[in-house]
Amino acid sequence: MVDNVSEFRRLDLLFDELFPICRSITGPGLRESLDIVSEHIPLEIESAPSGTQIFDWEVPKEWRIHNARLVGPSGEVYADFQDTNLSVVNYSEPVDTHLSLEELDSHLYTDPDLPEATPYVTSYYDRTWGFCLPHEVYEELPEGEYHAYIDSEFVDGFLNYGHTVLPGESNQEVLLSSYFCHPSLANNELSGPLVLTSLYRRLAEWDNRKYTYRFVLCPETIGSIAYLSEYGSHLQDSLVGGLVLTCLGGPSDHLSYKTSRRESALIDRTVKNLYEYGDNLFEIRTFTPTSGSDERQYCSPGFNLPVGQMAKTVYGDYDGYHNSLDDKEFMGIESLVDSTDTIEAVLQAFEYAGAYKNQKPYGEPMLGKRDLYPNVNSPDRWKKTDAVVNEREFLNRIMTVLNYSDGEHAIVDIADDYGCSVHDLVQIIDVLFEHDLIQSLPCSNQSY
Amino acid sequence: MVDNVSEFRRLDLLFDELFPICRSITGPGLRESLDIVSEHIPLEIESAPSGTQIFDWEVPKEWRIHNARLVGPSGEVYADFQDTNLSVVNYSEPVDTHLSLEELDSHLYTDPDLPEATPYVTSYYDRTWGFCLPHEVYEELPEGEYHAYIDSEFVDGFLNYGHTVLPGESNQEVLLSSYFCHPSLANNELSGPLVLTSLYRRLAEWDNRKYTYRFVLCPETIGSIAYLSEYGSHLQDSLVGGLVLTCLGGPSDHLSYKTSRRESALIDRTVKNLYEYGDNLFEIRTFTPTSGSDERQYCSPGFNLPVGQMAKTVYGDYDGYHNSLDDKEFMGIESLVDSTDTIEAVLQAFEYAGAYKNQKPYGEPMLGKRDLYPNVNSPDRWKKTDAVVNEREFLNRIMTVLNYSDGEHAIVDIADDYGCSVHDLVQIIDVLFEHDLIQSLPCSNQSY
Amino acid sequence: MVDNVSEFRRLDLLFDELFPICRSITGPGLRESLDIVSEHIPLEIESAPSGTQIFDWEVPKEWRIHNARLVGPSGEVYADFQDTNLSVVNYSEPVDTHLSLEELDSHLYTDPDLPEATPYVTSYYDRTWGFCLPHEVYEELPEGEYHAYIDSEFVDGFLNYGHTVLPGESNQEVLLSSYFCHPSLANNELSGPLVLTSLYRRLAEWDNRKYTYRFVLCPETIGSIAYLSEYGSHLQDSLVGGLVLTCLGGPSDHLSYKTSRRESALIDRTVKNLYEYGDNLFEIRTFTPTSGSDERQYCSPGFNLPVGQMAKTVYGDYDGYHNSLDDKEFMGIESLVDSTDTIEAVLQAFEYAGAYKNQKPYGEPMLGKRDLYPNVNSPDRWKKTDAVVNEREFLNRIMTVLNYSDGEHAIVDIADDYGCSVHDLVQIIDVLFEHDLIQSLPCSNQSY
């Protein structure tokens, strides 16, 4: 643990350690990355052997890449795995052959819209090989014989993922999930795991946690499907909300929340409430299964878990998406710290956003005997000064929370109706809780 | 059957055969009309004897009309049943009397707003007699003695109706119902039965029918009440949707759908979806019990069946409603063919509009191994060409249908949320069905 | 009883009898006031002894005030209980002491915004004493020694309230509740009890009452809490709606309805319907627990009764609120008569607003045999004259009420959908009821 360096410095160093590694959905690069993160979060690393059936999928063979190079007619190197691991199609089969430019062409990938960028290309489930290069290089390739060389292998190995749990007062869980599977990409690869480490360290220091927090780091899609095949049933029983973390850096000045499939789960309503009434800026995207990250798996109809997705500079919305422009400079370490701040505030609100039950529901409780109500009711008490205005506002919120805390209204709904943010009711809830006037009710996966 | 003539020609001939017949809610004209239609749809004709109690009603005596004539002081014929059967009040009692113009006046019916038209007037449940004539003729009637002659009789007979069933894969049924009870009227009488014959013949040729189709032809109001007294309980068990067909010709350039009483039954949502996203133009009318056709009976509170009404140039919205202007020229045979096209498309959409269940609901199914997902994920795949755009759109729709096919969302709801028509998802559903990725769920009368 | 004087005259006299009495939440003034009202409503007076635990509260000792006077250095009387009972803080402890202006200051209450008004101040649950005086008097108080004299006592006594029941056809109840606890105030004290007496006398003369009406008069807050501790469980079983009456006089030209906590209870929907479609003007306020009258107790989450609040010139919206400007001239006796008229009309609508069940729900009932449908259906029947228009409208309403009277739609919902007021359907309901075509369904506290 690197407790004595600032969060910024820690993230900066961790980024530099992780960025060069060639990750894929399986293989040594993935394992090495998980091990590095384990120094920041106490991840338990699990593994599913190649060939394991996980729902409709099968764990593929492990891909191990050692080297790759594309050499032109005069010996010029046009793509070199040693320069950038993006230059080889991820999951390429081994090849060592000489061929003409025409024969080579169908194995070359570029992005004509971004001629200076090397695109990121994968072919996980169909055996092929290929090189990725900037379109401006591709356009200048001379005729002649090329040497395509990829030193890779497919072995019976493992699909790996890591997870850990930070216990809270309740067994009910909040999921924070991100992914490792892209090689040297920043916003759409490292931003999520890095923010995950910061969130772990911050939540570990909270005075108390109402919920238990589960941190998951897995290869995208097949990793979360593998995770669900092991823990899906547990999550169905215990999960009250969750966030998939993706693309949390970059220049955007606000976070962007994609709702869970339920669209109005407690986590969805909480973020919408903060969007409407809080200081932090959000953009709200309605759930879609057509694009996104692992929330597509958590929200598949068989699970339909209350898991949304938190992003900042969203995949597909920026030029560098899935190419070499998605680097540290574009992502920005400071942007990750900002995202961490906002997500921590969301989780703080979420801890209070659920339902409470008024313990004195028959008539109004007598607030006066608890010093929560002014004992002399005179006209100037409620006028003139800011202090008096605030005192009246405090009392109004107390009466509102008490009246609607009937087990059917969550705090977030009460806040919405009252026109304030969940954060604005935190002090009220603490006071009422101290006076035994309300009790927290467990959330149910079904009702939230 | 007249398989070898075009639909237009067939309808044209059938119209000419049916138009001159004097129909009423009972009697020989009704039976003759049902018999003629039986050559186009294999109707089973049923009958309820006069005096039969059907819910709050009783089957009236049969009305048989042989002749009717109103002769003026100088022998001029002012109304003649041989010229038009509209000239006698439907269900007139027999009369053979001489009386003054003043005495006659309360037995004469005209429409002052349409002086050249002979109105259509009925008095089913109150014994009286009368003549209908153009207001311009009425205004020129000379003083003197008139001879009112109506040769009709009331006999213990039957109320008749016809029906047949076109079986489908499921026992769940779709009802298509129209009526016979007006004498020589076109849009508001023959358009419905004629379109019914075309729909029968088209649906009979569909490669497969998911639902069983029930075709009903009965006198309006009392006929559908009689039908419900026999088959209402069966329909409550098996009906998933239905349409009453009325006024399907005329100059209007779009169909007009009146929702079922439920307002958001599956059939209602399907038509609304096509209205919103489809090529065909519709107008949507919300259910009302105050006017309309037999949907008022199917949607009476004791049955509350999911039956809407499909019309084109709607009763009450055109001058010719219930008078001699409602003739073949006004209705137009071509208009009926257009209506048939649109209703057939509605039924095709309805076959797909219900709920399906994702058979691989835990995580996303692996689409790649079924060749439904591109195995190489590279940037230019999703750019540039229309083909690629369409491929991405196809994939998005596949993922959308899979994710929401959880037994709670019907396809029509998924289409609404996605912003496309049910027709746009037909190909997707077929593909997913072929790959055993979805299964059709039975509709329930209650839930739809 | 004063049957032979007009309502205005009766209220005028009753006002003058009640106004001078020094009421509080307990004590002889409250009992005397209840006794006076008992001459107009046959109230049963109940009592809870001091020290009785009522939910979270305890009945306080009774406060008895005999005299109070604040005398200045030169013998000038600055506050005198004999002049106005507002001049002493309600529930002041006894005092007989000489003190300087500086020492006296924290015991003096004024309203600087209304310098000529004597404010109304209470300190029920915290022992203190004080005088209330106009701010303009306060500002001129000379330095010197003052004599503060309050002759009051706290004794083990009773909390009193009165109630009575006016039986109806059903045991289901409507609550009309107002309060007595302020001394000489008009709009925010006497308007409610006075209107309550008028409503009792009018409802007693109705030809029939569908519901049983319960009239309650109690000190605000603690009185309704005491009432609920005795009768809350009975009200949960039997109450279908209720109104708290407060501030029913004053210059406002319309009533103002605060919904029950349920916001769409039958009583809420009824008032909203009359607001939307009726002649009477209302303003609708959504329920809040932060201010108001005894609806805050009836609508506490443990009871959540369907009780709204009816006011006219609302507390807090007028200068005279809780001070000596709230007098007879401001309130106006005529204003109370107007409020009574409107509330009586609301209750008349409420009697019809619930659900009925169509007794002939299978198909349309045959209206013709009951003379509710024209037996000859001819074009000019539905045209030309107002009489015919009205006849058609009558028939439409009959068919609408019949079709939707399925036990799931209350009349108020049918009226809303149809676009008319509940009053507009009263005649229809009476006719259908006479013909045994509908039956009234009991309301349930839960469903309404």
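Couple of notes before you dig in:
By letter and in written order, the chains are A, B and C; residue numbering begins at 1 in each of them.
Simple rule for what comes next: a residue touches a chain if its C-beta (ideal position, glycine included) is under 8 Å from a C-beta of that chain, and two chains touch if they have at least 3 such contacts.
Because the structure is predicted, anything quoted here is derived from the model rather than measured.
Rounded to the nearest 5, the angle that brings the Cα atoms of subunit B onto subunit C is 120°. Copies subunit A and subunit B of the same chain sequence form an interface built mainly from non-equivalent positions, shared numbers / all numbers used being under half. Put simply, the C-alpha centre of subunit A and that of subunit B have 55 angstrom between them.
Touching two or more other chains at once is no residue of subunit C. For subunit A in complex with subunit C, the touching residues are 358, 360-366, 368-369, 375-380, 383, 395-396, 399-400, 402-406. By the touch criterion given at the top, residues 54-57, 89, 109-113, 119, 121-126, 128, 130, 221, 224-225, 228-229, 232, 261, 288-290, 296-297, 299-304, 322-323 of subunit A touch subunit B in their complex.
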